[in-house]
Amino acid sequence: MTVTTRYTQGLALLERIDGEAGQRVIDSLQAIAPDLARYVIEFPFGDIYQRPGLDLQQREIATVAALTALGHCQPQLAVHIHGALNVGCTADEVIETIIQMAVYAGFPAALNGMMTAKTVFIERGLLPDRSEVEARRP
Amino acid sequence: MTVTTRYTQGLALLERIDGEAGQRVIDSLQAIAPDLARYVIEFPFGDIYQRPGLDLQQREIATVAALTALGHCQPQLAVHIHGALNVGCTADEVIETIIQMAVYAGFPAALNGMMTAKTVFIERGLLPDRSEVEARRP
Amino acid sequence: MTVTTRYTQGLALLERIDGEAGQRVIDSLQAIAPDLARYVIEFPFGDIYQRPGLDLQQREIATVAALTALGHCQPQLAVHIHGALNVGCTADEVIETIIQMAVYAGFPAALNGMMTAKTVFIERGLLPDRSEVEARRP
Amino acid sequence: MTVTTRYTQGLALLERIDGEAGQRVIDSLQAIAPDLARYVIEFPFGDIYQRPGLDLQQREIATVAALTALGHCQPQLAVHIHGALNVGCTADEVIETIIQMAVYAGFPAALNGMMTAKTVFIERGLLPDRSEVEARRP
Amino acid sequence: MTVTTRYTQGLALLERIDGEAGQRVIDSLQAIAPDLARYVIEFPFGDIYQRPGLDLQQREIATVAALTALGHCQPQLAVHIHGALNVGCTADEVIETIIQMAVYAGFPAALNGMMTAKTVFIERGLLPDRSEVEARRP
Amino acid sequence: MTVTTRYTQGLALLERIDGEAGQRVIDSLQAIAPDLARYVIEFPFGDIYQRPGLDLQQREIATVAALTALGHCQPQLAVHIHGALNVGCTADEVIETIIQMAVYAGFPAALNGMMTAKTVFIERGLLPDRSEVEARRP
């Protein structure tokens, strides 16, 4: 695989996964650090997300989990919540992944991640049907 | 203790400790993840804060310390600075706890925590009398 | 659901997922903080892992991702690599999840996570067939 | 207050709080970075722990909370669990503070903190009477 | 060295390194925690940055690296990007330091650091000539 | 630049910077995740450390700072303290960088980093002449 292939295939996958949200990240870097934009395309999307072993839905669940747990990456979490939904994860899968982080990174990390998810869901005109969940509440 | 007791007692304690700030957290979750709101009530406030061994003032000092040190939880830190004051901690105790975090998590964490405290204190019409402290300055 | 149900169902799920590694965590707490052991059973395994929305394989991928990214939780990461394998994730899925964390938490976090995985795989007499991967190396 | 006073008063307070565990930290730095040892004495113990506004027991609760939550500071957590006990905190207060961190930093941080506490308690010939707690278990 | 000397020399160095951005930090603390402002002057700038062994440019590279990697300190990172430029680091050195953090703390930390750098560079009427970099892009 | 060039140039630079310590990292990955070893060579050493804008001494100061601040990467910090010394940083520059992290990440991070440096310095038969520093102690 050539360097050009990594870039071209990476850009195609970035567009497929993150859509407009990914493109905005790339654009925001052009005036100051276009090489960092290039690395974003080449390494995460040209190398890692191209790999077999996990499908894109599994990869996005892993990423949403990690970014929620780290806590200081809300802009990137928003991009990858878009990404998760774009590759076929359901809103409920995103919500469940974020809730689970209360166990491993604490409630504040889960709460902040959920507020980011809420913003993304509203942006996409999407709030999940929680009636079943509501019905279970004590 | 039944599940219902955990929820009911947790909600009562959340209201006592965090007041309106806690209620806003619960409300903000209703449309997207009401179960996470339920867990906030049941586990931290229904289980942990109900425990003997530390009083509520000690618990809030521990929480203000941890949230300041972690650094990525400013909304929750604001809620718990309200909480600390609501259960009887003084503004000076909150300030001292945050200053001490400069030792364990670095000055940036302490500075960001203090800016959050400043916002809460202003919201409550409360800025501590620092004249004695000022008098000690070189 | 009663409190007893949460505990009983949580313990059963902890045993299914984490097996001996989970039991060792519970045992290690008995002399000092048995209530913390009880909370481990009740909240993560009695509440969270019981939830629909993600299957156990997805949940373990999320957890392996988060613990690798956080970096300071190698004992728990080891337990959950066992857990991932116990619920049907492949060794390659664990490896891929850890590699992906190089993107989000940096290479040191991924390297330390991989060393923990290596220890678990050796303990289980399991090292994945990497011949296909090796053949791709430049 | 002169520089010498900060050092002298800081050293006295370090010895009172952390005892032998603190002295070992200072000794371990002499061959490589004695100035860092000096700063440990002057800033945390000569400046911060000298301040009014919190008593030493409150300060140690705040420190145990923060170090447990940060997760990568187990040696320092051990020193400050000694410190907490040395200034009059009970073993139960230390245990409660660490349990509470499950809420804010996740269960792995609380579990690792508790294992550090266990080591310290064993070193001191001290394991708390948990019979009352045990009696509450479902 | 007397306490007064630490404060006076620290304040002079803070003003030289961080300029207006540093002064704003000090001012923001006066109403709530002037002692924390004093410690910022005395310890980082009166003790640490006064030390031989590293020049100020090296110190600012180390600080920009650390604050980018930690991720939750964007206000302080902005102050120290000003500081790096004020003591003679080039914009390219700041950019390279931040890009390098993608390796050690992950891409999100590097991206957030770069957005902070962009804000500072715009504030100073300064965006580096990246034409050579652009020409290298595939 | 071809993919092969990135790998070849990266490996050469890894060997120059990290020497045996770097090779041990690569070797440790061969049985479990050789691709992660390849990425270590290609991205950090084939892409980032090849870049102009910072020399290798500046890059290692940035890395030692970041790894000390993050706190959960002691094995990698050891490798890069070797690296810093291999590319011409002095032991004092390493020590100063680590001390400075007390300001930004707290004393525990600085203390743990210093203990790692001590291990590396002893391994290399190198402890810096601190007599001048000692003479300044109060």
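Just so it is clear, A, B, C, D, E and F label the chains in written order, and each chain counts residues from 1 on its own.
Rule of thumb we're sticking to: a contact is a pair of C-beta atoms (placed from the backbone, for glycine too) under 8 Å apart; a residue touches a chain by one contact, two chains touch by 3 or more.
As the structure is a prediction and not an experimental result, all values here were calculated from the model.
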Partner chains that chain D and chain E have in common: A, B, C, F
Pair in C-E, D-E or D-F that repeats A-B, with over half of contact pairs matching by residue number: D-F
Copies chain A and chain C touch via same or different residues, half shared test: same
Rounded Å distance between chain B and chain F, as computed from the means of their C-alpha atoms: 38
Centre distance in Å when chain C and chain F are each reduced to the mean of their C-alpha atoms: 30
Chain C residues counted as touching two or more neighbouring chains: 3, 35, 39, 43-44, 51, 67, 69-73, 76, 95, 99, 101-109
Chain contact graph, described as a line, ring, star, complete graph or other shape: complete
Of all residues in chain A, those that touch chain B in their complex: 70-72, 95, 98-99, 102, 106-112, 114-115, 117-118, 121, 127-128, 130, 133-134, 136-138
Chain E-touching residues of chain D, taken from the complex the two chains share: 1-3, 6, 35, 39, 43, 47, 51
In the complex, chain F residues that touch chain B: 69, 101-109
Complex contact set, residues of chain B against chain D: 43-44, 48, 51, 53-54, 58-59, 61-70, 73, 76, 92-93, 95-97, 99-105
Residue ranges of chain B in contact with chain A within the complex: 3-4, 7, 25, 28-29, 31-36, 38-40, 43-44, 67, 70-73, 75-76
